[in-house]
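Look for chain A in each of the two complexes below; its partner is chain B in the first and chain C in the second.
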Partner chain A sequence: MAAYALYVLRRSGQFVLVVFVGINIAFFVTHATPIDPITAAIAAATRFSQADPQAVQLTREALRELYGLQGNLWQQYVVFWMRVARADFGPSLSAFPTPVSTLIWRALPWTFGLLSVATLISWGLGNLLGGLAGYYRRNVPLKLVGVVASGLQPIPNYVMAFIVLVLFGYVWPILPITGSSQINLPQGWTLAYFQSVFQHALLPVLSLVLVGTGAWFIGMRALVSNIVTEDYVAYAELGGVDRWRILISYVMRNALLTQVTGLALSLGLIFNGAVITEVVFGYPGLGNLLIRAVYAGDYSLVIGIASTSIIAVAFAALVIDLVLPLLDPRVRVA
Partner chain B sequence: MRQSGRDNGSTVGPHPPPEGAPALSVDNLRAYYLTHYFGVEREVRAVDDISLVVRRNEIYGLAGESSCGKTTFLKTVAAAVRPPLSVIGGSVQYAFLDRDLYALNPAKLSAIRWRRLSYITQGSMNVLNPVRRVRESFIDFAYRHMGLKRRPFFAAVNEHLQRLHLAASVLDAYPHELSGGMKQRVTIALATICRPEFIIADEPTTALDVIVQKDVLAMIREAQQQIGSSMLFVTHDMTVHANIADRLGIMYAGRLVEEAPTADIFANPKHPYTAHLVASLPRIGEQSRKESLSGAPPNLANPPSGCRFHPRCPLAMEVCREASPALTTLAPGRRVACYAASPLVKPSPTAERVAGATHRAERVGLVQ
Partner chain C sequence: MLRILKDLFRYNREFSLGAILILLVVAISLASFLSPYPSGMQYVVPFDAPPSWDHPFGTNSRGQDVFWQLTFAIRNSLLFGTAVALLSRLIAIVVGLTSGYVGGMVDSVLMSINDTFVVFPPFPILVLVYFIFKDHMSWALLAVAMACLGWAYDARLIRSMALSLRTREFTTQSLFSGMSTGQILAEEHLPYVLPIVFATTMNNINWSIGLEVTLSVIGFTNIDTPTIGTMIYWANQHTALVAGVWWWIAFPVGLVIITFVGLYLLSVSMNEYIDPRSRLSGMGGAA
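Presenting the complex of A and B:
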């Protein structure tokens, strides 16, 4: 138990390091962009009028201070970390003066919901079906699932999103294709609102699940068809151990270890897929917000979103890594 | 009718008289690996026309070099046949069954496994599920057979482990926490917990060093005697056979070439192959070099004509090339298949089978 506590400690240290390096990269990459948010803001403000050059200069100074952009890159860096430590990413430059954190908190639940539901469904369904298909190699329905999965799995997320959108929004228009809920519906704990949210989530979730399930299915099927040749499975079959017990405790249980690790490794990719899906379906999550921030040269918002997603993905990977030793007795936590 | 000898309890002891009632009768068993790759059909005759009887309460040793079909024979008598291996012909009769092993439906088969027929497989190191504790393996394999509630079940398991000199603490261990010898002992305990009438053991000691091997052999012997079960024991290691087997069968290229009580095999081998196996054993104080047998084991997909040993046999005659010798009884309990051993040995009427015969009754024991 002490060994496990030590492992938790070390793995958490690693988490902090990953987050630190990731946010640093986000900071320097965004500051290397050629878009100057101050010029952009002044251009927007003075688009329809003549402005006094001195006033423009004063505005420029004021904005620079407000945005935390005074001084050289090093000074900005120090100011930036002092703010991040207080979970303050400053005001959004494009939606001034709304704080970045407010924008992120507004968008985060949508992305979190979309991602967690889609990942849970595709991971669970893909592994269950893949496990069955690997164990019952001659089952015809499962073979068909395999054919479909192999066809779906290589389709990129954005293509799948458009296919689903065209199919259910245009060819057979039964589902809403954009937004997170009906616009004129007040937000609240009402049944109508939840129904609307559910309906609007169906297509984005479906497009993520179709691609994700295919990938997990193929991985799991390959794993299981290896595991069924292991001595302990052959021996259990020889011993007349119950077939469901063999499938679940002998075959799937051993394959699960690899698939959980795979989930931890692919969290980043899953997040990328979600960004694109959100843009396609106009879903008000972090991905959509991020793309808008990039176009507007909104430094602070980009850094804020990047940092949030780095923390979220790294944290999810941390949780999985902490669970893994509990699943596999052979993993030595020392 | 085979059951008539079951109450013959007088055969208890390490060396039962040869007239003990049969526990397993195998007749003209053939099991081939049938493969069909890239349009080429191949059949590998791993078990080709084997007949033998294992008696109650005896350990029958089966010896032979690698790839002679020993393991395939065990799989076949354990109904652990899965493609590409398939049983082509012959019968496998256990005394505790009222019909041929291959006439059982999967449910019946599953019901006798471990209860009446258990199997210690080759590579017992890896037969325990790495993510399940030993305790759970005992539940998986034995619980349904014992007909006991949890508490008395584990009491019985503990008692059994104690009999086999294993600490009860192994139940809470994961397989990777046990040494190779311990894993082997746990596997043996697992295979004997239900007190099966018949135990099949495939090289259970091959991966162990000689000290541990000695202990494990003693344990197998002890377990077998406590239960009074019969055992079919396979290894290529003649010294192990000398220590454990009551009777010994020598296999060569898918066929049984000689059978006799263990002491007779070592004292007076009849078949030239057996003679060579026995002569290869080192003796203390011996100075001479051991001659190795020339040539290699035959390809079982295309075995030599006649006696399969003739290309490597120092005594080969003309007749050996032409017709396969029948396994002939020379004296009670003593069978040999070699023309040079005795003039009584005649060509076998059943040995030659037309290659690629169309009649293939594929029988698969494990449903997949």
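Presenting the complex of A and C:
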């Protein structure tokens, strides 16, 4: 148990480091540049009109305070961290006076839902099929699945989402292609609402699964075809243990650990894919919010979303890593 | 080197298919030098003409020939991907080799930083960079930003190789004959990790072209430089699909998929070649 405590401590230290470096990058990118966001915002606002110089000056002061750009660089740095720590990035400019944190909290469940459902499906499906393909190496349908999965895997999420969108929204329009539910449907715990949410999630999830399954499939197949040659598997086979039982609890059980670690490592990329897919399907998650914030020139909202993304992904990776020892007796001891 | 390539081409189906696809893509990008129209020029051909003999891939709503536009686009995309891959390989090699060879405290610190970069979601950070730089966003800046985000996974791979290289006898020998750490890493260890670096380069080119396409299509790069992404961006701006100008979208998407699959096949086959065990099982022997 002491070993596990040490592990938790070390892993949490890594989490703190990720957040620290990430927030520093966000600060560095936004502050150590020659471009002044306030001048940019004022230029955008006064582009088509005559502006009173005094009003411009007042706006400048107000924005400086709002964006936390008062004082020297060190003071700004402290203010930046305080905002992150309190999860308070000030009011959003494009949806004034709604606070940025409210907008993010509203979007986060959609991203989380889309990401977790798609990841569970592609991870589960990829591992199951990959395990089978590694165990039954001469099975032709499984070989075919392998070709398709590895052919789809290198396609970036955006392109795949776009293809799925064109196929099911334009060539053969059978599913809704935008939004998270029917617009005129009231949100609530009703069957109709859930049905609508389900329907709207189908295409985004489909495009994520199409791209995401390949990597797990290939990884699991390689792992299993290595483990199958181990002596203990041959022994179990000679001993007449049921083949399914060998595959599930002798072979795949061992390979699973690597795949769970892989899941924690690739969360950043998976998050990336989900966010991009949201943009294509107009799904009301973080990705869409981020894009709209950029179009609207909403400084605090963009910083808020970037910081939240980093913290959220790091936290999810931490959770997976903390669960890992429960699966692997060796990590618990080491 | 040439013989290895010839062998690979003959005996490894993935390699030959990938090589053919990539050669095709490179040929198309080289064709840009023969283009009768300069890349930035608009309204030089009739609008929205479907594919025909004069315009094999049709023309778009901006009065450009889609085929010749595509040659510029794929050239820029490939160059961009290669630039990002080279830059990030440089970081990955330096971090990986140093971390694996020096070990101890340096290793712990470097790998902590490494693991930090592994979990970062690149897209929000790149969008943040675009948001700050806006019109100052250039090709080079984006390449540097992406390279800074794309090295970590492979640095770990290189480190694991360097760890085993350190215990080999020739390392001790070089140390005793008075080579400095830098010399040992550059002259003794680097040649061993280069094949795997080469395989990861293909993956990294894929990754960076994919991200570039994504950012461009939303309009978050310099949209006046023709790349595959900005081509799709302009097609979307002109609602090409609704207007029925499908060739404006279909050909760039098709070509970029060919590129992705080709690079992926090359990387897979190289990985296989590097790992003798899988090479054996590929030849039909007992695995």
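Please note the rule applied: the second predicted complex is superposed on the first by the 306 of 334 C-alpha atoms of A that agree within 3 Å, B and C clash if a C-alpha of one lies under 4 Å from a C-alpha of the other, contacts with A are read in each partner's own complex, and residues count from 1 in each chain.
Throughout what follows, a contact is a pair of C-beta atoms (placed from the backbone, for glycine too) under 8 Å apart; a residue touches a chain by one contact, two chains touch by 3 or more.
None of these values were measured; they are calculated from a predicted model.
A.B. asks: Check the residue A:A26 against both partner chains and state whether it touches chain B (first), chain C (second), both, or neither.
C.D. replies: Touch status of A:A26: second partner only.
A.B. asks: Looking at A:T258 after the superposition, I want to know if it touches chain B, chain C, both of them or none. Which is it: first, second, both, neither?
C.D. replies: In the superposed model, A:T258 contacts neither chain B nor chain C.
A.B. asks: Have a look at where A:Y235 lands relative to chain B and chain C in the superposition and call it first, second, both or neither.
C.D. replies: Once the two structures are laid over each other on A, A:Y235 reaches chain B alone.
A.B. asks: Have a look at where A:S249 lands relative to chain B and chain C in the superposition and call it first, second, both or neither.
C.D. replies: Only chain B is touched by A:S249; chain C is not.
A.B. asks: Does chain B (first) or chain C (second) touch A:T46, or do both, or does neither?
C.D. replies: Touch partners of A:T46: none, neither chain B nor chain C.
A.B. asks: A:P37 in the overlay: touching chain B, chain C, both, or neither? Say first, second, both or neither.
C.D. replies: In the superposed model, A:P37 contacts chain C only, not chain B.
A.B. asks: Specify the partner with more touching residues on chain A, choosing between chain B and chain C.
C.D. replies: Chain A has more residues touched by C than by the other partner.
A.B. asks: Just checking: does A:N272 make contact with chain B only, chain C only, both, or neither of them? Give me first, second, both or neither.
C.D. replies: second
A.B. asks: A:Q153 contacts which: chain B (first), chain C (second), both, neither?
C.D. replies: Touch status of A:Q153: second partner only.
A.B. asks: Given the complex with chain B, which residues does chain A contribute to the contact?
C.D. replies: Spelled out, the residues of chain A in touch with chain B are 137-138, 230-232, 234-242, 245, 249-250, 253-254, 257, 327-330.
A.B. asks: Quick check: in the complex, which residue numbers of chain B touch chain A?
C.D. replies: Its residues touching chain A are 78, 80, 109-111, 113-114, 118-119, 121, 123, 125-132, 136, 140-141, 144, 174, 176, 366, 368.
A.B. asks: Mind listing the chain A positions that touch chain C in their complex?
C.D. replies: Its residues touching chain C are 14, 17-18, 21-22, 25-26, 29-30, 33, 35, 37, 40, 150-151, 153-159, 162-163, 166, 170, 222, 225, 229, 265, 267-269, 271-272, 275-276, 279, 286-287, 290-291, 294, 299, 302-303, 305-306, 309-310, 313-314, 317.
A.B. asks: Residue numbers of chain C touching chain A in their complex, please.
C.D. replies: 112-113, 115-125, 127-134, 136, 153, 206, 209-211, 213-214, 217-218, 220, 232, 241, 249, 253, 256-257, 260-261, 263-264, 268, 278, 281, 287
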